[in-house]
Amino acid sequence: MPTILGQNQYGKAENRVVRITRDGATHHIKDLNVSVALSGDMDEVHYSGSNAHVLPTDTTKNTVYAFAKKYGIESAEQFGIHLARHFVTSQEPIHRARIRVEEYAWERIEAAGEKAGDGAGEGGHSFVRKGQETRLTQIAYDGERWEVISGLKDLTVLNSTDSEFRGYVKDAYTTLEETRDRVLATSVSGRWRFNWTGDDRPMPDWEESYRQVRKHLLQAFAETYSLSLQQTMYEMGARIIDRRDEIDEVRFSLPNSHHFLVDLEPFGLSNDTAEGAVYVAADRPYGLIEATVLRDGREPRIPADLTNL
Amino acid sequence: MPTILGQNQYGKAENRVVRITRDGATHHIKDLNVSVALSGDMDEVHYSGSNAHVLPTDTTKNTVYAFAKKYGIESAEQFGIHLARHFVTSQEPIHRARIRVEEYAWERIEAAGEKAGDGAGEGGHSFVRKGQETRLTQIAYDGERWEVISGLKDLTVLNSTDSEFRGYVKDAYTTLEETRDRVLATSVSGRWRFNWTGDDRPMPDWEESYRQVRKHLLQAFAETYSLSLQQTMYEMGARIIDRRDEIDEVRFSLPNSHHFLVDLEPFGLSNDTAEGAVYVAADRPYGLIEATVLRDGREPRIPADLTNL
Amino acid sequence: MPTILGQNQYGKAENRVVRITRDGATHHIKDLNVSVALSGDMDEVHYSGSNAHVLPTDTTKNTVYAFAKKYGIESAEQFGIHLARHFVTSQEPIHRARIRVEEYAWERIEAAGEKAGDGAGEGGHSFVRKGQETRLTQIAYDGERWEVISGLKDLTVLNSTDSEFRGYVKDAYTTLEETRDRVLATSVSGRWRFNWTGDDRPMPDWEESYRQVRKHLLQAFAETYSLSLQQTMYEMGARIIDRRDEIDEVRFSLPNSHHFLVDLEPFGLSNDTAEGAVYVAADRPYGLIEATVLRDGREPRIPADLTNL
Amino acid sequence: MPTILGQNQYGKAENRVVRITRDGATHHIKDLNVSVALSGDMDEVHYSGSNAHVLPTDTTKNTVYAFAKKYGIESAEQFGIHLARHFVTSQEPIHRARIRVEEYAWERIEAAGEKAGDGAGEGGHSFVRKGQETRLTQIAYDGERWEVISGLKDLTVLNSTDSEFRGYVKDAYTTLEETRDRVLATSVSGRWRFNWTGDDRPMPDWEESYRQVRKHLLQAFAETYSLSLQQTMYEMGARIIDRRDEIDEVRFSLPNSHHFLVDLEPFGLSNDTAEGAVYVAADRPYGLIEATVLRDGREPRIPADLTNL
């Protein structure tokens, strides 16, 4: 045979699961998009079309919904761990499962008659979607070792000052002018890998960890006087590694969302003045800055490509 | 001539303007997407290609940026009014201007060292985009009369109970079963028209009006025990008309974002129990429910089609 | 009652219907996205939540699929007419139906062994989606009169020369330089209204009409030496009115997809030379040019807003 | 230092380049989206913010446009090779360049007066975008070795018969029924790696190679009687490896775009009959089937994740 099969995986992608939990009149919501990818002893389905080892993708979908009822969704990570363990341990030909989850956050709508702090506003069954970042996790399990990589995407941030860009290389194609004051904006896509890998160790508190990582990356972005987006990005990663023992590796992919100062001189106006300034927010092209930040002594495992561009 | 020209308009669409205002170390941000459409005595540019009456779309873009500096952006509505007045009054062939604005909201990132309430967190230059709804406004001016229609899109809301659907018509193609308890979810697209039309009357407080309308529509959604999405939609509109004197007309286009109860019986599980339930959030198809709600005695002016589907 | 209900409509949107027709081993495909909007005697469902006049949107979905089997899909227009007639004539409270259809075109994959022209390539069951424009139609029926508006969107076209832009108005905000040679590109969104309105007259050949209108608008775009996009747009509309008796009105919404000549002087290069030139294709902002072209003596009926921006 | 920097890269993404070449009145068009990613000796810009080794992303953008003029765009691959070689050989701190290109295809608009075959239709300057798949390539160069991975995305294909799915594993969560006749549809995302790696060997004919690979994968899709999508996918990859000596590895990511037979029994209709059938084209969830197909004896190098879900 002149050709052979290499790495392969299959499963049902983008199962949209909404789990409502009722605590009397107070409801809670978890809103996930779950994708399953399985691999193992799957040569025959590729070579001959025999499905004898294939658990249908439709079955993986059913399992997602049944598990959401049976075990609830404590966190996206915990839910992914339940699913991955099930597929690997219940089906002999399946040797590895990878579960990816997107989570959409909601907050409560306070009713008109409710006073802040009287507790009634904490009950209820009405929600509005938060709409900021999408929370992400990926659980991988091979029957022995767990790898949990969580993260977020589409968290858009902007510093309106404390950003410079100068002292760079100039070659024959360089026309950019140096600046000591610019807008620095990006839409954060980040992933972080937990050092929890085995059932013998207690799991991190996934929800608290997410809140803390999000807070630290926002604060590092806000507090860094930036000489380059690379420096800001590194500070964001280092802050997380420094403050969160459960995390060994962070990967960021940050578009440099250019905000160009508009030239208003032709209209007799100075743009950048003490009072403020006007910028054009550009779409394309954009700088794209990517890096891994690691706890010293650990091996990187998050793939370098978070983007297909 | 067998063919003639009908309604026509032109201008620069989607000018992305970010305005930073500096109050010492405390910066403020306005983030808009501004689209200009002009019409008037424009027959010749269509019939012969003569541009003698055409102010270039590039010029309309320049004007947007220059005005953002010159006059600031107090609100999207106020900014649109400035622009529309300029185009109609400064160019004889232009008889009507329509300015559309999308506004993206930002909130401040609090730095690590700041304590809540000490005021320091209110300063700063670091922002994170709110990411919920997009705020909208449309200003139209013909040299005499103003029409201001504001609104929002992509505000996603969900009630996890207090929604029924029954007592409907059954014909030969009806298979749907009645329900006394379902999830009701939608992504609100709404527009509301102000009764301010003339320079002789004081303008509404556009920012406060937006906050109040948004609050009322969310509360009406949360508080209505729903027998149909039409009823909930009408209550949302009526609440706004009732509470906000400055508004005469509301138009909603609401997808019924179906959350179907998953059948878990094949797996020996009861889904909808006291403890909660699991739903599949469906994409397409979806119900689409649209209506105008009017102050009695007023004429509707918001176009019936907010959607191209 | 201080508030009243205005125009309203409801139905199931975006029903994705694929119809395969088998002619022995030769299959044919129709691929549609069908949206239903019904209106009529619907006050009570809004005011009190009574569904006594409401045919469920789920039923309208079922009807779409059942009719696709029962009557086939000869054309998007014919299919929409079947559906609209059914809803208006079978349900007393429904007085008006509007059916919108998007159609996706496919072409056959020729198998390896087939020779062009031997007929075998015309058989088969394998298709690849064409992926150019999306074809559109909207059928409206009130029990007496038909209104059929067909069209297309996302047909991207470009002339690499024979386009000027000069002789325009200059004001204090004008910086654009005149040009006698530029790239003219747009993504056509167009709608055209048929003068067929009654069952007493024979219907147009909807498929042939679409092919001819598409051909004429492409040819008019290609053949017009352009002094402005408005002029090119008018020529496209006038060509259709002139050549197609079944059509009385055309509406276009054309973004001016700017292709800017890159300034390569800083690198010692002349860009626009006999050999050719390099352009940057810009995203936002863009000019947006819209107009109606009418057969003389007819009333315009296509809404002026094809876009929500 | 408790944290260290891992893999990192930077550059300007999504440079939209349109190159017109003039051969008298006959123009030719190349339409690309070019993304640059550079890496090398970049520790300092991350640790201290020193830009002394940083060629600005703005300069990489300028280089793209200048090279499009200077060298033309013979093919996306050839153009990427020019760029990658330049960055690695001209800047000492840059050790590796990765150029990604998306290419959009255009075809000519034939003018009204032109007869097929008279040659006139081959001239001209008017184009309509083809709109099917987007062609892709990625060039990586480290100063010694080239790696060229080309491909496509969004090529949508469908077989209306000759597809079965049965004989699969059943567990407690399996409800799917077996079928001997279904619609098989997917939107092909594929990448293929060339075995050309060094300047000492002649390059493949990139344009001809693309046309042939595209043809073979379409034919393999059309001609395979399918027992599973995995089998069809493997046949598509094996056909390419078998017929194209210049390619050693293929990777596919294929959504199983489900077309479900609609149950019309409640309406007294048999759906799947000799005459044909009606399907609902579903959006989410979808099966996702991915694999690498390799020439025997070669090492896989295309990353396993083409998707972020």
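First chain written, first letter: the chains are A, B, C and D, and each begins at residue 1.
Methods note: a residue touches a chain if its C-beta (ideal position, glycine included) is under 8 Å from a C-beta of that chain, and two chains touch if they have at least 3 such contacts.
Each chain and its UniProt protein: A, B, C, D = Uricase.
Nothing here was measured: the structure is a model prediction, and the numbers come from that model.
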*After a C-alpha superposition of chain A (Uricase) on chain B (Uricase), what does the rotation angle come to, in degrees rounded to the nearest 5?*
180
*Can you spot which option in A-C, A-D or A-B is basically C-D again, with over half of the contact pairs the same by residue number?*
A-B
*Distance from the CA centroid of chain A (Uricase) to that of chain B (Uricase), rounded to the nearest Å?*
29
*asked:* Quick check: how many Å separate the C-alpha centres of chain B (Uricase) and chain C (Uricase)?
replied: 25
_For chain B (Uricase) versus chain D (Uricase), what separation do you get between their C-alpha means, in angstrom?_
38
*In chain C (Uricase), which residues are in touch with two or more of the other chains?*
15-16, 62, 66, 173, 175, 266-267, 283-284
*Provide the residue numbers of chain B (Uricase) that touch chain C (Uricase) in the complex, in ascending order.*
1-16, 35, 37, 42, 45-59, 61-63, 66, 90-91, 93, 100, 165-171, 173-176, 226-228, 230-231, 233-234, 237-238, 241-242, 249, 251, 255-256, 284-296, 300, 303-309
*In the complex of these two chains, what residues of chain C (Uricase) are touching chain A (Uricase)?*
172-173, 175, 266-267, 283-284
*Could you pull out which chain A (Uricase) residues touch chain B (Uricase) in their complex?*
15-22, 27, 29, 31, 62, 65-66, 68-70, 72, 106, 109-112, 124-133, 154-162, 183, 218-219, 221-223, 259, 262, 264, 266-267, 269, 271, 274-283
